[in-house]
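Listed next: structures, encoded as structure tokens.
Each of the next two complexes has chain A plus one other chain: chain B in the first, chain C in the second.
== the complex of A and B ==
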């Protein structure tokens, strides 16, 4: 079971959807880890014949099943960062009418979404579906460093080492949630970390 | 009157002080004995002589020292001032608005001489005499928004208006009540207000947005907002919260009178002519509890407001832990007498504090 129901939250928090087939001559799909399942759920031979599919396994093993979809182009990238130059190159050739499908963690979808918006595609051309890990991409409000894949609250900033609590406040530009010092008013009093949605 | 500018600090040794003049004109934010959110907008078309409402951009005794504090903040963290590329025109609009307003409202302090696009700006309190070409960025030491807001008290959010929405696309933010421009830049009106409790459910932001979208050039609006700050610290940024947060715990019954400050924001809203952007100056005024208590009406009222404030709001405003100590102090100044309506001190008409021992 890789679908997670996010609790209702504040208005800056993104809301993810469910992928569906859209008509169009060009399709770009980016699937990270269990996001592969969302692609497998909607794939049809006709759709995939017009699709550039990028898969970032993050330790999962969907490559063979995805390859078997016979997409127009298929690329397996070792990480989002490694795939980024390729994603940008694909978006460079973009014309109006391109349909974009993003599925996987919030961190990947948020970052890819901001790449797509940068080239001027309307947000209506982007579909998203969350699958897999509920970890968050966090920006430390103090040192500005990004810590990827944060699963617990509070957590330690990977850059400055402060203990941060996980806010629901979200920036699309940074594709990240905000982390704020948890023991600023009582140094050293850091609660026991627990899962973000526990 | 001529303003005597204080030489004071808003950090470290905290020599900030309000004169008697500054106390009497302090924008006390409670018009009645209780507080709840409301849109509370009114036209910003002057006000009583000498009040903070009188001029378009109020200049007071803290001006020069506040600008020194801003320069220090920017030196340490340039991300407190940011402008997305499409906001430069709005920056020029803002520069013109502030220069024109200040030179007209305070002719003894500021002068603006315009000859076509060749402008000369004189800021006497800060010792600036600068000739430049309007709309030519290469003739200024900073971008236009940064240049002029380094010379104007208060934070400035410059909001782009498109798709029936306001977007936080530029700003100068060094005296904020705990929000990060670097994080919020590019957000729409609902997104940057997302962390505020209750107000969304009450429809406050929907109504406020509708009002703001319709603000016309030459018809600015204003409202007051407030929070609490321990020590007269201007830079209560989330960026530095790990450094200043601990100060909240230094409050004691012995020092609360001079250490605890009511922090009031005079928020104004001006439509800008060329860009159609909206500028949102957020001017911060600080006043210690002991100075507020010199006005009997404010003493009575502040106690009642803080006592009856919903827990959620006291938590959001960051003083829930200190509230009991505040109430112990403030209750001495509440003799139970009724208060006159409105925010003004009414020193002539309101009775002095009745001793509770009598």
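== the complex of A and C ==
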């Protein structure tokens, strides 16, 4: 089961959508892990003939099924970071009318979205669908360091070691949620960590 | 008092540009600086025409960074309701007039990497201010300007002089037309398109861009509608407890104002949404003409934009 219904929250929290086919001459799809399923759900031969598909497996095995879609271009990259040069190149070379589809974890979609916004497409024009892990990409408000794939709350900042509380406040620019020190006033009084949505 | 704040100005220059278009310069009465504005902003000019107060929006075309004066260009419309004729025939050098603070419903989206301007006829005016703004910001832009002929192409020579590489002109009498589909599909990612001109041109650009896969938020347009005449009708204003008769040649908003009821407004052209009014009860059909309400809202009959829309039928009750 790759779908998860996020509880309703504050306005700052991103709301992810459901991918749908849009008209356009060029399509860029980035699928991370179980995000591959969202692509398989909407893929048609016509659409894929105009699509550059980037797949970041993160330990999943959808490569063969995605390759079988016969997209105009297919790339399997070991990580988002490894795919970034290619993503930038696609955005640099393409024209208006490009449709962007992002699917996978919040961290990947957020980062790719920020990359697409940098070249001037409004965030409202970028399609997203969350699939797979509900882990978050967190930014420590104290040291500004990013901790990837945070699954529990509170957690320890990978950079400065503070105990951070996982908030729903989100930065589109950093593509990260805000992590705030949980025991600033009463040092060492840290609640037992549990899953973010438990 | 509804509408944007007012400024008292003096007409300090009247320049006929061609057969149809005249430029007016306004400076503050008693001197002093005018408010800054951003490219694409308009001002609502008040005209005391006999017993009628006309309020017409005109795009500010002067340099947004020049606070000493504002200029507007007015195209004479012999079949219009008379605002442009008043400007052309009645307004004299040295006259004092009342204009509103600038209001911008057609601003540049500065997230864009490139701005593509499409102008039809007098629709060139907001772009003149935007181009001056982008000059200062070193913005990336390109203009495609379609006119009936060279003689009526206001500011075309000035634009080609100053911006020979960015300005592209198309004249109807030489059978030139914008190759829109090609133009749109060749734009780099991050381009925003802006269109100002006749309704047909706006619809053409919006529809073509949407079909080419352009996101809605990258398509900007401005069309001020003049209220169209229509059958007279009666309206009951529930809050003010008044029955108002709307004449053939006045808008619902104008009729409400004539009765001394202070109703909100800003653009008076169906674009800004300020005058949106709740319909309490109705028996008959709405003639919705605005760009504000969605098609669903129009069909629901619970809201009306009194600046341009009308009503045909037995009774209409508004929450005003």
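Please note the rule applied: the second predicted complex is superposed on the first by the 197 of 198 C-alpha atoms of A that agree within 3 Å, B and C clash if a C-alpha of one lies under 4 Å from a C-alpha of the other, contacts with A are read in each partner's own complex, and residues count from 1 in each chain.
The rule is short, and it goes like this: a residue touches a chain if its C-beta (ideal position, glycine included) is under 8 Å from a C-beta of that chain, and two chains touch if they have at least 3 such contacts.
It should be emphasised that the depicted structure is a prediction, and the values quoted were computed from it without experimental measurement.
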item: Contacts of A:25 with chain B and chain C, given as first, second, both or neither; value: second
item: First (chain B), second (chain C), both or neither touched by A:11; value: first
item: Touched partner set for A:167, first chain B, second chain C, both or neither; value: first
item: Partner chain in contact with A:95 - chain B first, chain C second, else both or neither; value: second
item: Partner chain in contact with A:52 - chain B first, chain C second, else both or neither; value: neither
item: Partner chain in contact with A:125 - chain B first, chain C second, else both or neither; value: second
item: Touching partner for A:185 - first (chain B), second (chain C), both, neither; value: first
item: Contacts of A:137 with chain B and chain C, given as first, second, both or neither; value: neither
item: Interface residues, chain A side, partner chain C - complex; value: 22-25, 91-92, 94-99, 117, 119-122, 124-125
item: Chain B - residues contacting chain A, complex; value: 79, 180, 182-187, 190-195, 200, 238-246, 248-249, 321
item: Complex interface listing, chain A residues touching chain B; value: 10-13, 139, 141-142, 144, 162, 167-174, 178, 180-181, 184-187
item: Contacting residues of chain C [partner chain A, same complex]; value: 109, 111-114, 184-192, 211-218
